[in-house]
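Before anything else, here's the structure in question.
Chain lettering (A, B and C) follows the sequence in which the chains are written, and residue indices restart at 1 in each chain.
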Amino acid sequence: MVAVFQPGGNMIPEVLTFGRTGFADELLRGALMTVYIAAAAFMLGLFLGQFGAMAKLYGGPISRLVAGFYTTVIRGIPELVLILFLFFAGTRGISAVGQAVGYGPIQVNGTLAAILVLGFVQGAYSTEVFRGAILAVPIGQIEAARAFGMSRFQTFYRIIFPAMLPNAIPGLANLWLSVIKDTSLIVVTGAGGELFQATKTAAGFTKRYFLFYLVSGIIYLVLTLTSNFLLVRLERYVRRSQSKLA
Amino acid sequence: MKRFKTLLIAAAAFAAFSSVAMADIVFGTDAAPYPPFTSQNAAGEWEGWEYEAMLGVCAEMNEKCTMVPIAWDGIIPALLEKKFDGIFGSMAMNDKRKLQINFSEMYYDSTTVVIGPKGGEKNFTPETFNGKTIGIQAGTSNANYVEKYYVPTGAIVKAYKGQDEVNADLLAGRIDFIVADAVALKPFLDSSEGACCDVLGAVPMDVAILGNGVGVGLRKEDTALLEKINAAIKAFANKGGFEALSKKYKLEGLMLTAAKG
Amino acid sequence: MDWSWLPKFLPLLPHGIFVTIQLLVLTMVFGVLLAIPLGLVQVTGPKWLASLARGYCTLLRGTPLLIQLYLLYYGLGSVFSSYPELRQSIFWPILREGYYYAVLAFVLNEAGYMGEIMRGAFLSVPKGELEAARAYGMSPFQVLRRVWLPRAFRNALPAIGGETILTLKATPLAALVTVVDIFSVADRVRQETYIIYEPLIMVMMVYLILTFIITRIFGHIERQIPVRH
């Protein structure tokens, strides 16, 4: 398309070069930021998901209610709306908590806010993945552990957790891919500095919308394909001790 | 538990890493490009009349300042959330905003105009826009103006997140008119793509909606900062700082800047 | 909590809900229609076609929907300025409106995800039923129409239900390209009143209610057509 490539023999348009006149370095920095935000949010999500799953499966009525509310509400509302709401409401909550503890108003910068918001949302989805994975652990193993006299905590740490991991990987892999793509939604807050925001800035500055959105899509594709490749190897590693038909 | 702890520590480390130490004063501005006032160039730096005005005003205060982008339609809530210290983003000082925040002295004032196809109706009335599509940036005083005056007479409004997107759609022909700031639309009209369109004229003034100029937005309780900034704006104006910037960006005579006090 | 804006802005909500449901229904209907050949060709068809389908699904699932939407709307938009003749053509009313771009982006994206679902669904139909149908002398197309597709579709229903919910959650993106849906109501209120939380809370509740309704509808449909297992 004429809009994409400039005539003149130079295959790479000048706006796409590295350095002062090109946006390529900004895009790459955005891509790194995307991976960073996604990774941090994903880990926060895993952390929350563990607690959530345990609350739902082993907790008392209140824990179950709270966890159930958390998963139903967060999974039933569009991420775009949630991100906007949590970004403007959530940080007020964190500031309030901080002030109650005597910390003074905490200024949460855009990137951290994005991580917290995405992580909080990921937590709800992770809870369901972990819950399913734990339920899939053969009950016999758990019974045997209890028969051996292991405490509930020991049972979880030694038996359930390792057995549940392979079951959880496909679900978690999906969540990882979706968190990478959901980082693009942060653009509605204007903060965060991730890839899509950088793309919009570049496209808006140069008016070359088609070019930059295309390049950005390619970068996301590279991120997801690489993740896919690594995740397949990871699953194979985690399942290495299981019989091939498991 | 070991894996647990590692996850927890890693997450905390990530989070801590992100909490960048804030500079002395942080100003929020529109994340979407708004040349010639604020935009981010290919080198990843902020540039523009307003960005340099901010630097000048800050120098007068002997403070170090940075600019952070934020979505325009959420900028006031973000300020109230204490995400930054002030708004330095061509924010018109209209009545509704004055209820929420305080404004500094005016540092520039320019006209709101209607932009349309070349040869379009120059003596327009609200009825001219009946059935036509007007594009505005969400959260701007221009959007409020169009809501009040042109929607009741049948105009169709399309709201966009950034002024550059509005311009892009005017270019693409998806909207018929734009109501926006004259100076902000100048780079677009001066460019080769902008040859399609022209300024059709200024809209009848309504100070309550369009405000009398733009100022720095601050939280109501930050009275000390307000005084500092007002003093700094006056000082910068007295030095001819704003005029020098207007000269640099070729905007002389196009807008009013802060008067020498 | 400040709900003073409700009387003035509540009337906007029904139209917004209507637009959202329109987007949802159009996306699911055309998405499934497009997904059927995508899934089928990966099970039966020639290798190269199957690879194409596979590549399509990978592409659409590997990039954010937001990028796809922006690429279509603003990307194509930046091409339009070079062709002013387009504005006279009969397609212009469609090319003008963000609504159609949103539907197209959602449909293409949804087909990418559902292609995988339909592939699994086609594989899940017991071979015996297909062989019996062929033994009866039905042509491959008749087998598809009378046995394979209905059975596959029924097996896919729970997943399609899940995808419908996911599509509902994707619809707010349309507000970013000037479509006036439920989400844009919150934007309108915020613009006029600077109130940000309460409108979002109301919008979130509307989405929750819609999610609940959709889940019930699919539960009902699944019960109507039992699966023998």
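The rule is simple: contacts are C-beta pairs under 8 Å (C-beta built on N, C-alpha and C of every residue); 3 or more make two chains touch, one makes a residue touch a chain.
Since the structure is predicted, the reported quantities are computational estimates derived from the model, not experimental observations.
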{"item": "Relative to subunit B, chain with the most remote C-alpha centre", "value": "C"}
{"item": "Chain whose Cα centroid lies nearest the overall Cα centroid", "value": "A"}
{"item": "Winner on C-beta contact pairs when A-B is weighed against B-C", "value": "A-B"}
{"item": "Gap in Å, rounded to a whole number, between the CA centres of subunit C and subunit A", "value": "23"}
{"item": "Subunit A and subunit B, separation of their C-alpha mean positions in angstrom", "value": "32"}
{"item": "Distance between chain centroids, defined by C-alpha means - subunit B, subunit C (Å)", "value": "36"}
{"item": "Shared-contact residues (touching 2 or more other chains) in subunit C", "value": "74, 77-78, 176, 196"}
{"item": "Shared interface positions of subunit A, touching two or more other chains", "value": "84, 88, 188, 200, 207, 209"}
{"item": "Residues of subunit B touching at least two other chains", "value": "74, 77, 161, 165, 168, 193"}
{"item": "Residue ranges of subunit B touching subunit A (in the complex, touch as defined)", "value": "1, 3-4, 7-8, 10-11, 14-15, 18-20, 22, 30-33, 39-44, 68-72, 74, 77-78, 81-84, 161-162, 164-165, 168, 191, 193"}
{"item": "Complex contacts: residues of subunit C adjacent to subunit A", "value": "58-59, 61-68, 70-71, 74-79, 82, 165, 168-173, 176, 183, 186, 196-197, 200-201, 203-204, 207-208, 211-212"}
{"item": "Residues of subunit B that touch subunit C when the two form their complex", "value": "73-74, 76-77, 96-97, 99-100, 138-139, 143-144, 147, 158-161, 165, 168-169, 171-174, 193, 196"}
{"item": "Contact set on subunit A toward subunit C in their complex", "value": "1-3, 73, 76-82, 84-85, 88-89, 177, 181-182, 184-185, 187-188, 196, 199-200, 203, 207-210, 213-214, 216-217, 220-221, 224-225, 228"}
{"item": "Complex contact set, residues of subunit C against subunit B", "value": "74, 77-78, 80-81, 84, 86-87, 95-98, 176, 178, 184, 187, 190-194, 196"}
